[in-house]
Amino acid sequence: MIVHLGQILDALGGELVGGVREIEISRISPLETADSTSISFLSNPRYEAQMAASKAACVVVAPGMRSAAQARGACIVAANPYVYFAKLTQFWKAKQDGVRLTGVHPSAVVHETAMVDPTAYVGPHCVVEANAKIGAASVLRSHVVLSKDCQIGERCLLHPGVVIGADGFGFANDAGQWIKIEQLGCVRVGNDVEIGANTCIDRGALDDTIIEDGVKLDNLVQIAHNVQVGAHSVIAGNTGVAGSAKIGRNCSIGGAANILGHLSIADGTSISPTSMVTRSIHQPGLYTGIFPLQTNEQWEKNAASLKQLHTLRERIKKLEKALYAQNSNNGNS
Amino acid sequence: MIVHLGQILDALGGELVGGVREIEISRISPLETADSTSISFLSNPRYEAQMAASKAACVVVAPGMRSAAQARGACIVAANPYVYFAKLTQFWKAKQDGVRLTGVHPSAVVHETAMVDPTAYVGPHCVVEANAKIGAASVLRSHVVLSKDCQIGERCLLHPGVVIGADGFGFANDAGQWIKIEQLGCVRVGNDVEIGANTCIDRGALDDTIIEDGVKLDNLVQIAHNVQVGAHSVIAGNTGVAGSAKIGRNCSIGGAANILGHLSIADGTSISPTSMVTRSIHQPGLYTGIFPLQTNEQWEKNAASLKQLHTLRERIKKLEKALYAQNSNNGNS
Amino acid sequence: MIVHLGQILDALGGELVGGVREIEISRISPLETADSTSISFLSNPRYEAQMAASKAACVVVAPGMRSAAQARGACIVAANPYVYFAKLTQFWKAKQDGVRLTGVHPSAVVHETAMVDPTAYVGPHCVVEANAKIGAASVLRSHVVLSKDCQIGERCLLHPGVVIGADGFGFANDAGQWIKIEQLGCVRVGNDVEIGANTCIDRGALDDTIIEDGVKLDNLVQIAHNVQVGAHSVIAGNTGVAGSAKIGRNCSIGGAANILGHLSIADGTSISPTSMVTRSIHQPGLYTGIFPLQTNEQWEKNAASLKQLHTLRERIKKLEKALYAQNSNNGNS
């Protein structure tokens, strides 16, 4: 596929500097691997040297980098080069793929009472159960399950193997036996939500599990019953969110993090990958709980000491007392 | 759907106090969000104030809460309100769904040598391989795979995407190349087992992987080859159990916990979420290994110190020695 | 199935000692559970006592164990008994299963532009998208998705629910909204790769995600966009590898480990299970970061102290200073 810079400018705006609209582009590349038919971008001024060395036909830059970019050749000046780049990938994909698919693949199993918007797409081997609802322009790739009564909004993208509306994990213990608590709520997913491959979102026990607008979930994420994920929050892969936790808006949860049940996380909070959230977070900020990696030999020593950390603290206390007593005796204090 | 209290009492027992059998119920609700057609329950006396404030038409309570409950209106007195509630959700779902599905969905692929009990249900796009066996009243939801020779008992519920009997992860290293160890065992799942969405249970290498009666597994759990999970144990989401580990009966494993291979865990043991079990546990109890969450700034300081914890311990030892020596010199000891 | 020792020797080599080729074998067993028709193996001299007590008809041993093995009955002497055992499982399975399946199962959905080698097998309900490519003798079990343009090499085995080529997790933030970065790269999987059930490998953003020859991935692993996994590396279940991380050759990554994005891991590195890799590793070796498990009561004390570890360190520093000052005063230093 060949595209002229002019077509890109017409579609996405930006100001062309130091080059002509007729320049031919055959791919989008990182600065390092770009060649003479690549368009690339510089989102962080730190990489200015990489830009200078790049063979890219054209680089998208912020206004502040205009002169540095011009020094090496054609560039497009845009307010936010990373957002420009994102839109460029969309433009590129739309050109490559042609008409967007709509309708229901013949191998999908869609219940007669389900409501699928005619502009949505339900891919191969999907299962859409009774009274489920899929909004306009949403896409279910292969093997997605949308269970009874669950709904997803408009312009959502669900990757292969997503399971929406399996039963939440709820049982009552009756003298050592687990009695199932049927999960009578459903899952409601807002607009512009993307859900990664093999991710699971369980239906609510009595009330519903809620994923608000603009949320992005990565692969293999587990969202338990009655969780609420606030608008425009992102959750990276392998993360688990336990029952009834309430994640605010614009949060960012790192990969393989875990959030205990019944907690609240303030809007705008970030959690580092693999960290475990055991209490509610009321102040936004970045929170971390990671055991530092060491050689196994070092780790063994430190882990052994860690098991006695409380004792070490007691010993320090005693030392302080003893020293203080001595100093008093010696008239040093 | 409208149900009279009388119908509930006839089905589930319990003693109606402070109200009439004709009261109409349209939903089951938590105390806080209950309205005048809700039935709710109080399982923990701590929430007595919430009960007092609730608008529920009827509340299920334990014998000890009888007078407090009566003070606000209709209540059902039951020995274990939480178990009563669980059974109520089952009663409710059965009424809503009508006849339980049986048989094999036409899109499922079931091998001719597989044995599926006529009262079981095999859902859309399931795959049941040669000589696999499914017991009475078990349900396989969509996309479940039951591999060759594997068997599940009676009244099991397998959620979408469950994979039973993929190969265990076994290879022999031959001068840097991995030689596959074919997995010749199978998976045997007992009765009354529930398995969450996209959970995987691998077949055994030589002997079988065994899930005993009444076990409940959440979503995205990984059970490796030759693991044994004892009866009535529960394992929450994202947990991994490595090869040949043996989990006792009535254990409770928190979400995203991990259990190393070839370990034994005593009956009745609880493991906190995200904790890593690196040795066998012989005494039941609650075990934990979680790095505490802090602001990233605090964490950075503490993690740096943790890397030198062993050295800190040595320094404390030295201090103690020095102080003891001094005290001896000074005649203080 | 009955096999004579002679058939095994003809297929796999090795020297028969202390027994005859006509001995009948009906199963491969561990030493402990072997019976008089079992063939077993001893890969570690530590288990010599188990061998002595075993009822196995024949035991595969290393040359050094020849006389100990002979003392109890028939044995096969082989250079590497564990590799011999692995090959024996392959021999066994081939005999059991008969002809290997090839072709495309009628329920699979394979795009007309996909290239499937005629000796490959595409199982029930698989989805192979446009321009995808499957090499000779590779096997896709049920529900595998191979997305547009992705390719897998020869003799690969993909277990049920594997998703190759879902979109990498990439978004640009535009004033609080996430703008999708279309993922224009693909996934390239080498030869002799095995991928576990429900594992996900995302397509690259601009360049490709690469899994080199001989890599083995367990179940529920998440490989993010533009990751590179070096040849003959193994990654155990539930592990997450973040975007653009580069894992060397012959590495061994334990279960539920996590590797941050944009890192490099040296060839031959081992990572302990559940450990989090936050920086590049340049020296091969075994690395660990696991919070030690304790009773919850002990853990609570130690975790509380850990939150103040940096302060403890400061207190030790102060003590050292004070003691040193004192000793100087007292003329002890």
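Order of writing sets the chain letters: A, B and C. Residues in each chain are counted from 1.
In the analysis below, a residue touches a chain if its C-beta (ideal position, glycine included) is under 8 Å from a C-beta of that chain, and two chains touch if they have at least 3 such contacts.
The chain list, named the UniProt way, goes like this: A, B, C = UDP-3-O-acylglucosamine N-acyltransferase.
A quick note: this is a predicted structure, and the numbers were derived from the prediction, not measured.
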Rotational angle, Cα trace of subunit A fitted to subunit B, multiple of 5°: 120
Same or different residue numbers at the subunit B/subunit C copy interface, by half rule: different
Centroid spacing, where centroids are CA-atom means, of subunit B and subunit C in whole angstrom: 26
Residues of subunit A engaged with two or more neighbouring chains: 107, 125, 143, 161, 198, 220, 238, 256, 290-292, 294, 304, 306, 308-309, 312, 316, 319, 323, 326, 330
Interface residues, subunit A side, partner subunit C - complex: 27-30, 33, 80, 82-83, 85-87, 89-90, 92-93, 105, 107, 123-125, 141-143, 157, 159-161, 194, 196-198, 214, 216, 218-220, 232, 234, 236-238, 250, 255-256, 273-274, 290-296, 299-300, 303-304, 306-310, 312-313, 316, 319-320, 323, 326-327, 330, 332
Subunit B residues within the subunit C interface of the complex: 107, 109, 125, 127, 143, 145, 147, 161, 163, 166-167, 169-174, 176-184, 198, 200, 202, 205-207, 220, 222, 224, 238, 240, 242, 256, 258, 260, 272, 275-279, 285-292, 294, 298, 301-302, 304-306, 308-309, 312, 315-316, 319, 322-323, 326, 329
